[in-house]
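Heads up, the next two complexes both have chain A, just with different partners, chain B and then chain C.
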Partner chain A sequence: MSDAAMPGAALRKPWRSLRRQREAAGFGLWVFLGSEVMFFACALTGYAVYRTLWSEDFAAAARETNVVYGTLNTAILLTSSLTMAAAAEGARAGLRRLTLACLAATIAFGLAFLVVKGFEYREDIEKHLVPGPGFALEAAAAQVFFAFYWLLTGVHALHMSIGLGVTGTLLWQAWRRRRPLRSPAFEAAGLYWHFVDIVWIFLYPLLYLAGRS
Partner chain B sequence: MTGLGEAAPAGAMAIWRRLLPVWAALLALLGATLALAYAPLGRFSLVVALGIAVAKALLVVLLFMQLRKPDPLLRLTAFASLLFVAFMLILTFADVLTRAAPTQAGTVLPRSGPDLPAMGRRAF
Partner chain C sequence: MSEALVQRDIPDAPAPGESYLTAETGLASWLLTTDHKRIALLYMAAITIFFFLGGAAAVAMRIELFTPQADLLSDDAYNRAFTFHGVVMVWFFLLPSIPNILGNFLLPLMIGAKDLAFPRLNLLSWYIFIIAGTLAIYTLLAGGVDTGWTFYTPLSTAFANGHVLAAAGAVFIAGFSTIATAVNFITTVHLLRAPGMRWFRLPLFVWAIYATSIVMVLATPVLAMVLLLIFAERAFDIPIFDPLRGGDPILFQHLFWFYSHPAVYIMVLPSFGVISELVACYARRRVFGYSFMVYAILWIALVGFLVWGHHMFVSGQSMLANLAFSFLSFVVAVPSAIKVFNWTATLYRGQIVFDAPMIYALGFIGLFTIGGLTGLFLASIPVDVHVTDTYFVVAHFHYIMVGGAVSALYGGLAFWWPKITGRLYPEGWARFGAVMMFFGFSFTFFPMFVMGFLGMPRRYHVYVPEFQVWHVLASAGAVVLAAAYLLPMGYFAWSLVWGRRAPANPWEATGLEWQTASPPPVENFVTPPVVTQAPYGYHPEDAGPPALDRAAHRPQGHQP
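Right after this comes the complex of A and B.
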């Protein structure tokens, strides 16, 4: 609670109050997330167009994805968002133990997600689900589906890795008391983490649940 | 969520009491979307799956990303990109769904074999 006694430590140069700084961090992060929304929306629009053109092939290809790994990873990611939200609110309230524990838990869940993803990728490669020569499925557009599968999950995993780096940095700084808990950085990192979670919330039904009924 | 004050008093228990129901609702929606994916809903299964995804995203955006707070600047910034996504989808599908069959991209199937010699026509 030492930094709660001197809130000036979290305040950085151009801002006059911590509240203004917090608003600026949130605003800047949301503008950045807008660009990220457009980035993923472009790929998803491509997916939507090809799925409209070749809906049966896409359904047949989507049945080949591993729904167990996909569902498990969705649950892991939703839980990591819970701990990240608790970390951000804990930091704002100056609760050091809660913040450190929840940041560490978020990193653990993020790593678990990537490990499950790695097992899934290995199984996909063993089943010859990589587009190109020797592809497993007959349907012509199944390769298009799996091109989107690898692109979208790969870019999402990259975003997860960046989020893990950011969260790890914040955990280290909070642990060493180099960054006061009142810093808006915790909430900003939380916004980014939740966005990556939302991307997965949409990838899950599109890549794993299509063509199951 | 308790207001705009800088020193919002919150204990760990208060934080968990607020966040855990959201998490439970998210997991319940995950179970619902998984179960409904196997139900024979025909073309509505995509609608149901995306509807549940939107509900989950709204829970995250409003309660985890704090957009429930009455902050017009953040709310407008957060939802501005959706307007451009809507433009992109509307203009793209205005093309895809209204083409004459011979000019439809789906009439040229993708293949992974070697390239055939160029015929002087473009595939797409």
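Right after this comes the complex of A and C.
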């Protein structure tokens, strides 16, 4: 795609029509997201099984997570989805300044999420909430809860980082006019970003709100 | 489609410099290629190496099992041998073999496209595969893994002393390659079909690869997460499956088999596609019940996700779960049986010729039927409880995955060899090799049914002397089987230099891949094809093939 310097991007090799070529990026990404859903579904199934087995322990452990940080991050991520959606729509409409601003805002929100997450991790470590010797909680399965807490939030943060890398690349390319705004990559990156948000929408109640009702 | 062949007057061989093999030369032109045909050959090279490595481990095991005592391998070395055999054969040979070699090469050709939808992603998948494979070989050199390919917990997380992390990492990375390829295939089938190539005009090979890709996309990530959980537990001592800290090892089995049972269908569904092409061509018949073949493929892909519990009948899961999984396992046998019956019905009143690919295909049907029927034994809970973890199970899944999938791979390679290389393989040797593979395979694995039913447990390197006769039979058969695997490598290599040049359509087969030169030009088709009829037009739809005015059979195919 990098050689498509000007709008009216060239037809690349396997394609017979530009419309199909544009369609492919989004279509391929949807299929890939199917894969991602199953990836997280596997871990969430494990969570569901253990929460059924050890509901008391899980509720006790979930009360130890920092709901302020979690709620703050939920708000940040939802807002970033808004700016990302605006960036994709802006790119589609050819509004360069809007697209650049929204991409930059999305990256800022994403970084803010990771920073908050970092503070939260530091606090968790200080409170000895890392499974293993010296774990803070007595309940037998509390360690299992925090195993899933670290694993799910860690994998989610990794996805966020990849999303940030992709968005940053797009921002740079759009800034330097290396990528036409008509490129389907903006919409595809948006899809991926929204997916990562949706994962958080599941993680937030499971990890932060469980046991606090 | 033979009329179209005449009308469009396809040159048999492309002009020099147009063939994808010679358009560019030099190592870089191969390692940086985005041409699906070249990437298929890159896969072929890599997968052949892994096949040899996995085969070498099997040879070590068969030598060890020749006598009841431990002669060649210690118990620990034997564990590492069968683990390496399993890991390499499953993830680096069987899963990628037909999709990544034949699928990569044929999918765009069969649907009339110039390439896959994402050519650079296709090359990236190959590099990811190579990285994963290198890591797998590293685990062997570093000392191996002793858990078996199933990585059961708590053995893999708490007790195993092998390089579990590296092995799990290798499989994890290979998953990215699998998913990327599958996304590529699915997008290609959806968006790059030639004008007129409607869904129900797709060759069954394309349907099979398409269904396989869907299973890959939905099952592989589950394995990835399971391996990540294992990784976290073993590396960072985070309790997930540890029963001492509230974890449940059985949960691991559920999640693992939720991937690994569909993985069996990833291995065998592409073979269904290959066999459908071969049977139709060498019987000169339309595939019997084409639409039912399509529905059967999709039905297997779907129900394959719902039967994983039949691996766990003795794990202590509830009797209700056992009954449900047993019932669903019988249900999945129905579409498999539809396929076998339809292949048989395709042969009926066909003009069958016993060329090498057809012998492989008939061998496949026989071996797959035995493998499938013994699968029904294993789906019945009382029988399964008796033969769990015995050689009966080993024999059953080798009949499906080796007798089935490898026969189809070799048959498909022979059938499409002229298209891939532009050369004809030597028919006599190929027939000999195909027959030898069938007998070598049966000789190796049928004794395992017998000794498994008599109680020989799997994964033992010493055993009671009563079983020796069966093990000697199996080891002797393995020699024949190994020769049958090696022979085609010899005559395929021979044909590259001395083989007769192949015309565009040596087998007078239908299908768009035969409507272009052998080997195809870089762009696949000089004029973009247009499809006007259903596949397998070997004879008019409402009449059988004219039995009497059959052309004389030419074993080396149609010569202009």
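Just so it is clear, the second predicted complex is superposed on the first by the 199 of 213 C-alpha atoms of A that agree within 3 Å, B and C clash if a C-alpha of one lies under 4 Å from a C-alpha of the other, contacts with A are read in each partner's own complex, and residues count from 1 in each chain.
By definition in this document, contacts are C-beta pairs under 8 Å (C-beta built on N, C-alpha and C of every residue); 3 or more make two chains touch, one makes a residue touch a chain.
Because the structure is predicted, anything quoted here is derived from the model rather than measured.
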{"item": "Comparing the two partners chain B and chain C, which touches a greater set of residues in chain A", "value": "B"}
{"item": "Partner chain(s) touched by A:39 [first = chain B, second = chain C, both, neither]", "value": "second"}
{"item": "Contacts of A:125 with chain B and chain C, given as first, second, both or neither", "value": "neither"}
{"item": "Touching partner for A:90 - first (chain B), second (chain C), both, neither", "value": "first"}
{"item": "Touching partner for A:210 - first (chain B), second (chain C), both, neither", "value": "first"}
{"item": "First, second, both or neither for A:140, with chain B first and chain C second", "value": "both"}
{"item": "Partner chain in contact with A:16 - chain B first, chain C second, else both or neither", "value": "second"}
{"item": "First, second, both or neither for A:158, with chain B first and chain C second", "value": "neither"}
{"item": "First, second, both or neither for A:79, with chain B first and chain C second", "value": "first"}
{"item": "Chain B versus chain C as contact partner of A:24, first or second or both or neither", "value": "second"}
{"item": "Contacts on chain A seen with chain B and repeated with chain C across the two complexes", "value": "23, 27, 31, 34-35, 38, 41-42, 45, 49, 53-54, 131-132, 140-141, 143-144"}
{"item": "Touch list for chain A against partner chain C, complex", "value": "13-16, 20, 23-24, 27-28, 31-32, 34-36, 38-43, 45-46, 49-50, 53-54, 57, 131-132, 140-141, 143-144, 147-148, 150-151, 155"}
{"item": "Chain A contact footprint on chain C (complex, rising order)", "value": "34, 108, 113-119, 179, 182-184, 186-188, 190-192, 217-222, 224-226, 228-229, 232-233, 236-240, 245-248, 251, 255, 258, 528"}
{"item": "Residues on chain A engaged by chain B in the complex (per definition of touch)", "value": "4, 7, 17-19, 22-23, 26-27, 30-31, 33-35, 37-38, 41-42, 45, 48-49, 52-54, 67, 71, 74-75, 78-79, 81-82, 84-86, 89-90, 92-93, 95, 97-98, 131-133, 135, 140-141, 143-144, 187, 190-191, 194-195, 197-198, 201-202, 204-206, 209-210, 212-213"}
{"item": "Chain B to chain A touching residues, read off their complex", "value": "4, 6-12, 15-16, 18-20, 22-23, 26-27, 30, 33-34, 37-42, 45-46, 49-50, 52-53, 56-57, 60-61, 63-66, 71, 73-74, 77-78, 80-82, 84-85, 88-89, 92-93, 96-97, 104-106, 109-112"}
